[in-house]
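Labels A, B, C, D and E are assigned to the chains in the order they are written; within every chain, residues are numbered from 1.
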Amino acid sequence: MNLAEHLPALQVALPLLTAPLVILLRAGFLAWFSAFLASLFSFALSVQLTIAVLQGGTLEYWIGGWEPPYGISMVVDGFSALVLLLITGASTLALAGGRLSLRRDIDNRRAPMFYGAWLIAVAGLCGIAVAGDAFNVFVFMEISSLATYILVAAGRDRRALSAVFKYIMIGTIGATFYLIGVGFIYMMTGTLNFADMAVRLEDDMDTRPIVIAAGFITIGLALKAAIFPLHIWLPRAYTYAPDAVTVFMAACSTKVALYILMRFNYEVFHGNLLGHSELFTAFVIPLALTGILVASAIAMFQGNLKKVLAFSSIAQIGYITLAAGLTSEAGLMAALLHMFNHALAKGGLFLCAMAFVFTAGSSALSQLQGIGRRMPWTMAAFVVAAMSLIGVPGTAGFISKWYLIVAVMEWNTWGPALVAAIVISSLMAVVYLGRFIELAYFGEPPAGNAGLLEVSIPLRCLIWATALLNIGFGLFPQLPLALATDGTARLLGGLY
Amino acid sequence: MEILGLFNYWAFAVLLMVGLYALISKQNLVKKIMGLTIFQSAVFLFFITTSKLEGGTAPILQAGKDWTIFSNPLPQVLILTAIVVGISVTALALAVVVRINEEYGTIEDDEILAKDREA
Amino acid sequence: MTTMLIGIFLLSLLVVTAFAIVRATELFSAVMLSGIFSLLMALNFFILDAADVALTEAAVGGGVATVLLLAALKLTPPAEAPSRGLSGLSVVVVAVTTLLMIYASFGQPSLGDPDAPAHGHVASWYIEHTPELIDIPNTVTAVLGSYRAYDTLGEAFVVLTAGIGVMFLLGGGRGKPFSRLQTGTAEGLSQHLIPKVVARILIPFILLFALFIQFHGEYSPGGGFQAGALFVAAMILFTLVRGERRALAVITPRALLLMSAGGAFLYGLVGLAGIATGGQFLEYNTLASDPIAGQHLGIILIEFGVGVTVTGVLLSIFHAFIARD
Amino acid sequence: MSAAMLPLLLLVPLLGALGIACSGRWPNLREGISLLTAIALAALVFSWVPTIMVGELPRIVLTEPLPGIAIALSLEPLGMLFACIASFLWIINTIYSIGYMRGNEEKHQTRFYICFAVAISATMGIALADNLFTLFLFYEMLTLSTYPLVAHKGNAATIASARVYLGILLATSIGLLLPAIIWTWLAAGTTQFTAGGILEGKVGGAAVGFLLGLFIFGIGKAAVMPVHRWLPAAMVAPTPVSALLHAVAVVKAGVFSVTKIIIYIFGADFLFSQPSAQWLLYAACFTVVAASVVALYQTNLKRMLAYSTIAQLSYVILAVVVLTPMATKGATLHIAAHAFGKITLFFAAGAIYTASHKTELWQLAGIGRRMPLTMAAFTIGALSMIGVPPTAGFISKWFMFGGAFDSGNYVALATIVASTALNAMYFLPVVYLAWLAPAPEGVDMDHGEAPVAILIALGLTTALTIGFFFFNQPVLALDQLLVENLR
Amino acid sequence: MSLVLDLLSGLLIVVGALFVLSGGIGALRMPDFYTRVHGSSLTDSLGPVLILVGLMLEAGASLVSVKLAAILLFLMITSPTASYALCHAALQSGLKPRATKLNTSSPASGEEQKLQ
């Protein structure tokens, strides 16, 4: 047998099947280690997939050997590969960097369960990224969500629990809305396979149920993707989850919802639904704009580093949706690139935040005063990642912002206004990040922790690796560009 | 008759409404979960409705039985899965509620919020 | 026509029950009502020709969910605080949603409309080709176990995840991992004659029925999940009458953990076996020399896996809740 | 020399920074390394002069992250001139800093020297930038690397003004410059600096004036009013930093970028064929006069110098705008001349502060008798600012004046005359005060000259200020090249 | 013959339904908990029996009637047990029957003696 052709299936199966073994372990370290290995291997797998996609174009895999639409198919194109890289990479990074922090957050005997849930979350997200079948997406969305709830609920603060309950409720509403939408589409087309849907939808252009279905699916996924104003679950979940979990989630969980959102709207609805593009734009862009501005504004007044970053995430999601809402090739490029680059930057920032919390014991800004002088290396990396988030040239963030602005400029007469909004929000980002950086370097350390020390060397190296990635992909963005181009082409297949 | 054929959809709509309402506006967490269950069952009902075929029977092709029309098996399969997902979510949510009750001493949403604020 | 009228009657009951659930302030009565709700729902499913779904809904909604809710209520305040009337926002959201649905409904094929698109295409293909491709009577099981086995794999893992979650959050009582779970309440109802005797009589039958559902799923409604639920029902009954200590002696927490993990893992292994024997992931044709036999083997194996996982997980959840006090 | 050697100019200071970081524990070694780096860099830069003189334009593309957006370096006469000034003054500045930092027992000296080196590297990048994108990249790098320098003291007031510094520079660059660059890219399809400009026929009408505005105010470092606020705010920095800001790197980078954009992106002829671009002349004139007037009312020495800088910068812009070959030469000359003069003045101010901790003008009464050397240097610097021969200032002013006269641009003429008078009005009183006025009561006069390192630096710059009056041929030659390239 | 069977089964079913109905009414109208349970449980065990028997007559001798018989059996076992458990639980939680005066011992304790 030739494993290479089974890559898509293995990508999901590997973490999924390791999980049950992990929960049987007794010791925390073993559990962590096996979870880390599994995550590492699935990262290797997604690298393999990426190479395969770049060389051979889109891969399709028929599970059980049943031809779609009768069986379930997996489809891997540039976009999926990009998301896969994010998921597995983020998980590996968070596991590798977060060992000590997690060991402190989760007591040794519950650890196996925790890491099992972690692997299942990875598998679920990967499953969504490779899915070619609408209902299958639902199933794996639920797998990943349930696992993520567990991860968040592991936070030490009791507020993690109330946060996770809210998260469960909203997440389930989102998933169920999505299910309703899929149901409507199935009712009108009799199929669940994305490609097949696109074909069969052409027969009944915008019958009522399809329009409603589009609405339900978009809103349901917007709930999952925390698109403003449906973001209420995100800040608390990010803030009170264990720090390493936040690194993982921030880098990929909402991205995956956005991924499937764009999949559906572009591959299935656009082109098959009269005026859907206009409707989509009209629906998404105002939300995205307000999201960008309001969330950045809120972030400027938060007293907690993780909250600041969480709100900034909402703003960044706004960027992605804005770009996606332009329904233009440049817009899609920008959206895909920004997914990748934002994940890099935010991952790095949360990783540093994790290091700070690990030493200072709290993510409250007041506790982090002067941390920059105690932990120069980590802080320097933080600054680099921050610049990438702001979009300073030479960093990854700049690339996507450039594409975004260009896309917006050539959109229509409103372009300049949008550019103004983007610029303003970037300046707000300067403010809320600069605020922390300034007080980290010049603030007076609080009484308790005057003698803080740097985190361990390996973690420092990891942090710096992330920071350097931010610069590297800013100077040599060929890889994400190639993937984004491929993904865009496929998405636009539905549009023209 | 034609209109009555849509009754299932309306029932589905109303159930969805009731569930969603309980989910959003009830303060008691267990009540929220019950609302969630209703909400989801409504969707199940909807799917199964799409599977029904006039004069059909359950899609079990027994030899000797001379049924020719069978209802649509696919939505049934989907809902089997969905039901299981639903119960899993319920179980997890209940566990969280229990923990919340231990930590906060209440399962009323507004009181929990108040306690978070003062913390 | 009559079925439709019965359907309408049941649906109305369903709606009424739903309102009753929302309005009830006594959580216990709300739980009971939701049990009734699920059974009504099951009836609806049945008259809509969805035997498997009906069975599952009855087992899950009427059985497992109710037990879980009760177990949770044992640990939480039993009554709902007086709520402050309708909240504006929610009413608006809700109303909008409903109107959307009803608006949409007019474009939809009416109940049982034979030429609705849903019945063409994929569905009819299943009906036609299952006999020669898989050759088992119950098309639902065929689709569930083979055509869309991947979804079912996901289903099994959703259950496992829920189990993990509960075991992680509640553990085996305070500060103990689930595998060390033990409990104080020894006796249960064992000194009460009537329940004891009745349980003695019933449990074997329930187990028997569970096994029937498990392994007869290809021919009649049923399958791993329903069987698992029934199995759990039997075990719960046993626990009630003989006390947890006995129950945990019969199936230790560690064993429960093994079952939960093992079943799901078995399912996955079947999938990998497909690859190992030169097929695709979750392809059964290659499992045996004869494709049909392979399909049967595969379906039986995965159904078994699902059953084991469900049993393990649901029981663990039950015990985790009980041990928490 | 091959273009492949260009990146060295950036790498040397960065390596120096690394070395400084590693040798932080041993001050002598650390400062030795900084000095060594400075000298090495200057040597490298000057070794390029002959190549440029023969009219070569070495160019190298480092990477091309986005199609049409490359990080590329190239060396043309203007950049050559700027690089020479910056690298050479850096040596002197380093010597001076050693004296100053030790003299005042400043904290975090390692951080100081590191940031200093990085800043110089960024400056080199600006000098060598081959397109707007590269320019922007190093422009931001310069801003960020100088922020810690400005905030060096780290007390509340300092941080506040440092915030103003960073805020204005970042806000203008991200908010105005970046959109301007993107606009240019969308319009012209490239952002490469090309003799004669790339925008001709691509944009027209009012858009030109608007785009020009985005550029001019986007480059906050050029301190055209009203985006000059950061410069006085940055006065909280230690004197070597002020010198770096005012003479060596930052503001020069500003006017240099403006000049480069006007002549290489718009293309001078095209730009000033557009009526909508004429406002720049008046903006520059206004800044010159207004800043000088404000300087009149300053009572703090360094603030006064700051406003004088603002005025002098707009001279350069003014000269470029006047736009005869002669005036363009004047502009480039003035970049150099002002650099020498202003650095002298700042060194003097720093020397006074080090020796006597005096910052206010009234305290300087009679200080000339205590610190004759320092004040002599100060006087020469002041004269150069006013433009009295035999100082550097005279040369540049002469060319500008001539240029303005040729083009019959009487607004420019009037401005130059007026501001010269104003300069005299605010510099001469200080000189008078320092030498002739009696010492006021309550001011201790029992201090001598500043440390010797400071005096050496001071002497060097003074020598330059005067020397430039006699030996300015190389610069003129470079200018000639530049002007020929343009035509 | 079949006519007779039909009539008989119909009769049984109707009567059974009536019993169930009366049980329902009783559950609503009876004065206190125990009496309600009593009413409903009695009719619950009788009504279904009649209905099932009626159905078995309809089905004749076939697999279906076997299944029905099984259901019947389980009903006979479970529904009394259920009512027993219900009352017992109520008694445990201290709910006293609202009984008018009997002999000296209080009804509640009397109940309990019966139980042990």
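By our rule, contacts are C-beta pairs under 8 Å (C-beta built on N, C-alpha and C of every residue); 3 or more make two chains touch, one makes a residue touch a chain.
A quick note: this is a predicted structure, and the numbers were derived from the prediction, not measured.
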| item | value |
| --- | --- |
| Touch-network distance, chain D to chain E, counted in steps | 3 |
| Path length in steps (a step moves to a chain that is touched) from chain B to chain C | 1 |
| Geometric centre: closest chain by C-alpha means | A |
| Farthest chain (mean CA position) relative to chain A | E |
| Centre-to-centre distance between chain D and chain A (centres being mean Cα positions), rounded to whole Å | 45 |
| Centre distance in Å when chain B and chain E are each reduced to the mean of their C-alpha atoms | 32 |
| Distance from the mean Cα position of chain D to that of chain C, given in whole angstrom | 76 |
| Distance from chain E to chain A - Cα centre to Cα centre, in angstrom | 58 |
| Touching two or more other chains - residues of chain A | 135, 139, 142, 146, 149-150, 153, 186-187, 192 |
| Multi-chain contact sites of chain D, meaning residues that touch two or more partners | none |
| All touching chain pairs, where touch follows the definition stated at the start | A-B, A-C, A-D, B-C, C-E |
| Complex interface listing, chain C residues touching chain B | 4, 7-8, 11-12, 14-15, 18-19, 21-22, 27, 30-31, 34, 37-38, 41, 44-45, 48-53, 56-57, 60-61, 64-65, 68-69, 71-73, 75-77, 80-81, 83-84, 86-87, 89-91, 93-95, 97-98, 101-102, 104-106, 108, 110-114, 116, 118-119, 122-123, 126-127, 130-131, 137-140, 142-144, 148, 151-152, 154-155, 158-159, 161-162, 165-166, 169-170, 219-221, 223, 225, 317, 320-321, 324 |
| Chain B - residues contacting chain C, complex | 2-22, 24-28, 30-31, 33-35, 37-38, 41, 44-45, 48-63, 69-81, 83-92, 94-99, 101-102, 106-108, 111 |
| Complex contact set, residues of chain D against chain A | 63, 65-66, 69, 71, 133, 136-137, 140-141, 144, 148, 151, 154, 159, 163, 166, 170-171, 174-175, 178-179, 182-183, 185-186 |
| Sites on chain E touched by chain C in the complex | 74, 77-78, 81, 84-85, 88, 115 |
| Partner chain C, residues of chain A touching it in the complex | 1, 3, 6, 9-10, 13, 16-17, 19-21, 23-24, 26, 61-66, 69-72, 109-110, 113-114, 116-117, 120, 123, 127, 135-136, 139-140, 142-143, 146-147, 149-150, 153-154, 184, 186-192, 200, 204, 207-209, 212, 215 |
